[in-house]
Every structure is written in structure tokens, then in C-alpha cells.
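Look at the two complexes coming up: subunit A is in both, with subunit B in one and subunit C in the other.
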Partner chain A sequence: LRRCLISIDMHRIEESFRGIKKAIQAKDTMQNVTILSPSESLHSIKPLDACCMTKNLLAFYVDRVFKDHQELDPQLLRKISSIANSFLYMQKTLQQCHEQRLCHCRQEATNATRIIHDNYDQLEVRSAAIKSLGELDIFLAWIDKNHQGTSDA
Partner chain B sequence: DGVAVLPAPQNISVQSTNMKHVLTWSPVMVPEEIVYYSVEYQGEYESLYMSHIWIPSNWCSPTTGLECDITDDITATVPYNLRVRATLGSQTSAWSTLKHPFNRNSTTLIPPGMEVTKDGFHLVIKLEDLGPQFEFFVAYWRREPGAKEHVKVVRPGGIPMHLETMEPGATYCVKARTFVKAIGRYSAFSQAECVKVQGESLPL
Partner chain C sequence: VPCISSGLPKPTNITFLSINMKNILQWNPPEGLHGAEITYTVQYFIYGQKKWLNKSECRNISRTYCDLSVETSDYEHQYYAKVKAIWGMNCSKWAETGRFYPFLETQIGPPEVALTTDEKSISIVLTAPEKWKKNPEESSISMQQIYSNLKYNVSIYNTKSNRMWSQCVTNHTLVLSWLEPDTVYCVLVESLVPGPPRLARPSEKQCVSTLKDQTSELKVK
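Moving on, here comes the complex of A and B:
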């Protein structure tokens, strides 16, 4: 991920998430279930697979989670929109990186991604979307960890 | 929902300078009445995946003004659709939509304002505070043949910053430009400003 220089304003995304976290996590009625379980998938990813995993998870959120979540509160909608459009921009940036063949996808990343999709499919779609939104901090922290050293490049 | 009898606002455009984005429009004229306007936006995500979703602007839903600061609404470097409508009592106009989506990477970046001062033998610069998205590249040199140019990155602006300890009798010059990481662009350099240090220049 270090070579895929993404000039992303992570602070802005994290700030937007802090604005929705309490309200979204309060709607999550299944606290004992997780979708982005850190122990199983994300934290076992090696740096070599970080770019591909980021790409896969951005697609997970853009193509599934944000679509499956219907938000009526204008203030929450603003912040979710901010995150969704930032993820869309990140996707485009990583896409350029992928075209320069700097974003290989190995089996490990593919397996980890499938676990997350499988976890998502186990739940009713609205509940799955709410839980995934509430777990965004896991993904953002993981990006931060893998993103260190490029933000000041 | 009010019947659309009011004319829709016209001449919608965006002026964007140094990452401050303002949407403007022409007034809807109704003699002796106060007309209100509402602004809504949708990012590329909404237009691609949820085109029915429009989000009320943070500051201007509604407003009586003819402009709206949409800086807090435009939070990603993707195209945004923007629209405005007029309201008078129960009467509501149709929406007028900005002809071309706005992307903040088109903002006009102008060279930063700066104050170059001497504090004794210390060369000090204070840069304009343009907000957290801005970094400053400051170039400074001693004005003499073959002088080497030094560069420092300053973030944020608004705070005096020591650049160099100067030698008596010498003249030092400074120029600066901005960099916005979120859009990956620089401004032009400012005009160079020079200061001369008191005293005799040291023998070589």
C-alpha cells in the first residue's frame, strides 16, 4: 500500500465516522456477531497483500454496505455520504495503481475477503449493513496502520 | 408539496478559491416578498448508486441569500451535483441544477500571503492561515551570486516560523507556495520578499 500513494484525507474520514459511530452502533442489535473480525481476517494480512485487501474492502463498502443502508437522518446521511465519496476516490486512486501492476491480489487476500462477504451474507441485509458501518473504525485503523509513512511523502 | 409556480433560480455557478467553494445564483424576483432558497448536493457516489438521494446543504437549506458556502458539503475529491430551488410560502420552484458537476480539484490556488521579518539576526516568516488542508513550501536564499536555495515545509500557517540565522550586512530573500494534498496540487510561488541585515558584512 505504501507504493500506492493515496493522498487521502484520513482525518476527515475518521472525523465523519466519529460523527455516526454512536448512532449507528446503537442500531446494531447483534453485538456478539462481527463481520470484519480483526483476529481472523484483517490483522493476518501481510504488507504485500495490503493494497489488494484495501481495494477489496473498498469495493465491499461501496458496492454493498453503503447501498444496503438506507439512512433517513440528514446529519448521518451527510457523514455517510462523505465517507462513501472518499472511498470512491480511494478506489479510483488504487485503480490507477492496479493498472501499474503495483496491487497484486494473492490467495490470502482473496480468502480473507471471502470470509468478510460470507459473514455479511449470514445476516439479514439491513442488519449486515448497519454492523459493517459500525465496524468501519476497524477498517480505517487498518488502513492507517498500513498507510503510515506515505501520508508525508 | 407546494405546486411549482415560482420560476427556478438561474445562472447557477461555483466560485472556488483556495479550497473555499461558493455556489451563487440569480434572484427570483417577487415584489415585496422574501424568497427563500434551498441548496442540495449529491456526490459521485450518490449519482452512481443512489441517484434519488440528494442531501441538504449544511448552511443553506433554507437561506434568503444569493450564495451558499458549500465548502463543508464538498468533502471528497469527486464530482458533485448541486441544485437550488426557490420557496415563497407554499409556492416552490422547480430545481435548477448546476450544468457541470463540481470537483474541488478545480479550485483556484493563489500564492499565500506572507510576512517576512527580522528578529535580530533571525529570518522569520509568518504565513497566511488557510486551514488544515494546506501545507507551505518556503524557499529562501542569501542574495549573492551562486546562492543556494533552501526549502522548508511549513504546516500549518498563521504561526511565525524561524527560517535562518543571518549574517550581518547580508540580504536574504523568501518566497512561498501552497500544496493541497487532498487534490495533489500546488499554487504558484508568491513574489519574493527580501530583508537586509544591519551591520558590516563579515570579511571573507
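Moving on, here comes the complex of A and C:
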């Protein structure tokens, strides 16, 4: 990810997530199921695949999770929308990087992405969206870790 | 003998206190039962796994904390814990924590601070705090290895001028120059990790005096 430098205001995203964490995670009653399960997917990704994995996960959240989630609480909705907009911005930035062939996707990243989508498909769609939103801290911590040096710009 | 889940009030304020990955579950006694001989039983859950697990050392205990550091040592996983109160044959419902994520929630303890002085400067050497370990024989893991973007906020206080300033540093050595000779300076250091805010625990305040100015001493003679 460092070769494909993207400037992200991680603090704003993390702050938005902190505003929804308790409420969203409390709605997720299936503690025995995880979508971004640390051991199988994200934490087996090598630095070389970080850019592609970030691109895939941003698409997962933008194209599936944010679309499938229906939020009635206006305050939560505002924070979720803020996160979604930040992810859209990151996607645009990564797209330019992809065009410069700096964001190559290897089989490892493709497999890890498929595991996440499979986990998502095994749940009822609203529950899957809530669970994925509640696991944003796993994704954000992973971005932070793979992106140090520019995320606190 | 299993207790009967009755109207006994639940323990309150159940949270993890986590410092350098030493993860202590703590709670307050149920309200309105002062003087009653209450005991507690703890269980924990690894998010994504199948079932709640017992913590045998925290079954029918009278203290209001339980060390779950071993059970939550994989800091990239997430956890839940719960406690119930027991009084005689009656027990409360479970009181449960939110989802606990050690990697994002542990407090980073202060570094070790070594100071050496000169006439107009103080050299500061910082050693990153160590991750909690099960037993002393285990090899140490520095919190720097877990958080490679670990930084330090160094606060310096001139006790003569009452002036205070601070600097944020990433490396482990720092030289404070252009100081006043023969003056006591006090130093406090906090560890910082960019990302979600964490409670910070500053180091013990250390005070040292810069040396007397040798040149002015010679003139006097």
C-alpha cells in the first residue's frame, strides 16, 4: 500500500466508527460468526497484496454493505454516510493507482476476498450488513497497520 | 449445584482494563446488596468462535476483577466477557461487556526514561514498554514491535522559570540543548499510537539538574 500512496483522513473515519461502534455491535447478536475473520483473511495478507486487498474491501463495503444496511437512527446514519463517503474517495484514489499498474491483484488477495464474500452470503442480508459494519474496526486497524507513515498526515 | 436465576441484580460497569495487553476484567457489585456475601463467576467468548468458555480461576470469587490476559492474548482477535452475581442459591442474569479489541483498546504504558545531564543539555534515552507476558521466562515483546508507529510525547518543565514545553518524538534518544546551567528540569514521557484515542499513562516525573557553568566558575577564581 505504501507504493500506492493514498492520503486518507483515518482519524475522521475512526471517529465516525467510534460513534456507531457500541450501537451497531450491540445489534449484532451472532457473536459466533465473523465476516472479516482475522486469522483466515486479513492477517494472512502480505504487504505486496495490501493495495489490492484494500481495493477489494472498499468495493465490498461500498457495493454491498452500505447498500444492504438500512439505518433508521439519523445520528448513526450520518456517521455511516460519512464513512461511506470517505471510502468512495479512497476508491477514486486507488483507481488512479490501479491504472498505473501499482495495485496488482494476486491469487492470495483474490482468495481472501472470496472468503469474506462467502462469509457475508451465508447470513441473512441485513444481519450480514450489520455484522460487517460492526467489524469496520478490524478493517480500519488493518489499513492503519499497512499504511503507516501516511495515515497520520 | 447450579444456582437459580432469580431477581438478583446484575453486576454493573463491567469493562476491560487493558494496559500493554494485560487485560483485566473488572466490575462493580450489584446495587442495593451492601453487606451481602456476594460471589461472582466469569465466562469469556472469542468473537467468531462457538461457545462461552469458563475461567476456572474466576468461579465463585468474592473479588470484583478477573485477569483474562491469557485468554485474550491474541490481540488481533476480539472478545466478550460476562459476569454473574451469586448469593446463596440465587444468581443474577449475566452482565456482559461490549466487544473488546485489545489491538485498538489497550493503553500503552510509559517508556523507561534515562536522563544524563551536561551544563546546558540533558540527554534522554527512552525504552519502549513491554507487552504483558504470561511468565517472566518468556522472551519479551516490545510494544514497538506491535505498534511500529509508536511515538513519545516528552514534557519538560524548568523549575526556575516555571516554563514547560513538550516535544513529540519517534526515535528513542533526544537531546535537550540550550538549557540554563545549574537548573533543575523535570521530565515526563507518555507513549502515543496514532489512531483511535487511548488513555495515556505518563511516566514517573524525573528531575535532574544541569551542571554549573564551568566558564563562569573559572572567571571567578
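Definition applied: the second predicted complex is superposed on the first by the 150 of 153 C-alpha atoms of A that agree within 3 Å, B and C clash if a C-alpha of one lies under 4 Å from a C-alpha of the other, contacts with A are read in each partner's own complex, and residues count from 1 in each chain.
One rule holds for everything that comes next: contacts are C-beta pairs under 8 Å (C-beta built on N, C-alpha and C of every residue); 3 or more make two chains touch, one makes a residue touch a chain.
Everything quoted here is computed from the prediction, not taken from an experiment.
Engineer: Sharing subunit A, do subunit B and subunit C clash or fit in the superposition?
Structural biologist: Result for subunit B and subunit C: fit.
Engineer: Taking the superposition as given, does A:Leu77 touch the first partner, subunit B, the second, subunit C, both, or neither?
Structural biologist: After superposition on chain A, A:Leu77 lies in contact with subunit B alone.
Engineer: In the overlaid three-chain picture, which partner chain does A:Phe66 touch, first (subunit B) or second (subunit C), both, or neither?
Structural biologist: first
Engineer: One more residue to check, A:Gln31. First (subunit B), second (subunit C), both or neither?
Structural biologist: The second partner, subunit C, only.
Engineer: Figure out whether A:Tyr89 sits in contact with subunit B (first) or subunit C (second), or with both, or with neither.
Structural biologist: In the superposition, A:Tyr89 contacts subunit B only.
Engineer: May I ask for the angle at the C-alpha centre of subunit A between those of subunit B and subunit C, rounded to a multiple of 10 degrees?
Structural biologist: Result: 80 degrees, to the nearest ten.
Engineer: Looking at the overlay, what does A:Ser127 touch: subunit B (first), subunit C (second), both, or neither?
Structural biologist: A:Ser127 contacts neither subunit B nor subunit C.
Engineer: According to the stated criteria, A:Asp9 is in contact with first (subunit B), second (subunit C), both, or neither; which is it?
Structural biologist: first
Engineer: With both complexes overlaid on chain A, what's the closest CA-to-CA approach of subunit B to subunit C, in Å?
Structural biologist: Nearest C-alpha atoms of the two chains are 10 Å apart.
Engineer: What part of subunit A is shared between its subunit B contacts and its subunit C contacts?
Structural biologist: 151
Engineer: Would you tell me which residues of subunit A are touching subunit B in their complex?
Structural biologist: Per the stated touch rule, the residues are 7-9, 11-12, 16, 62, 66-67, 74, 77-78, 81-82, 84-89, 92, 151.
Engineer: Can you check the complex and tell me which residues of subunit A touch subunit C?
Structural biologist: By the definition above, subunit A touches subunit C via 10, 14, 18, 21-22, 25-26, 31-34, 37-39, 43, 134, 137-138, 141, 144, 148-149, 151-152.
Engineer: State the interface residues of subunit C toward subunit A in the complex, per the touch definition above.
Structural biologist: Touch list, subunit C to subunit A: 45, 47-51, 76-78, 80, 98-99, 101, 103-104, 148-149, 194-196.
Engineer: Show me the residue ranges of subunit B that touch subunit A in the complex, using the header's touch definition.
Structural biologist: 42-46, 48-50, 53, 55-56, 58, 73, 75-78, 132-133, 181-184
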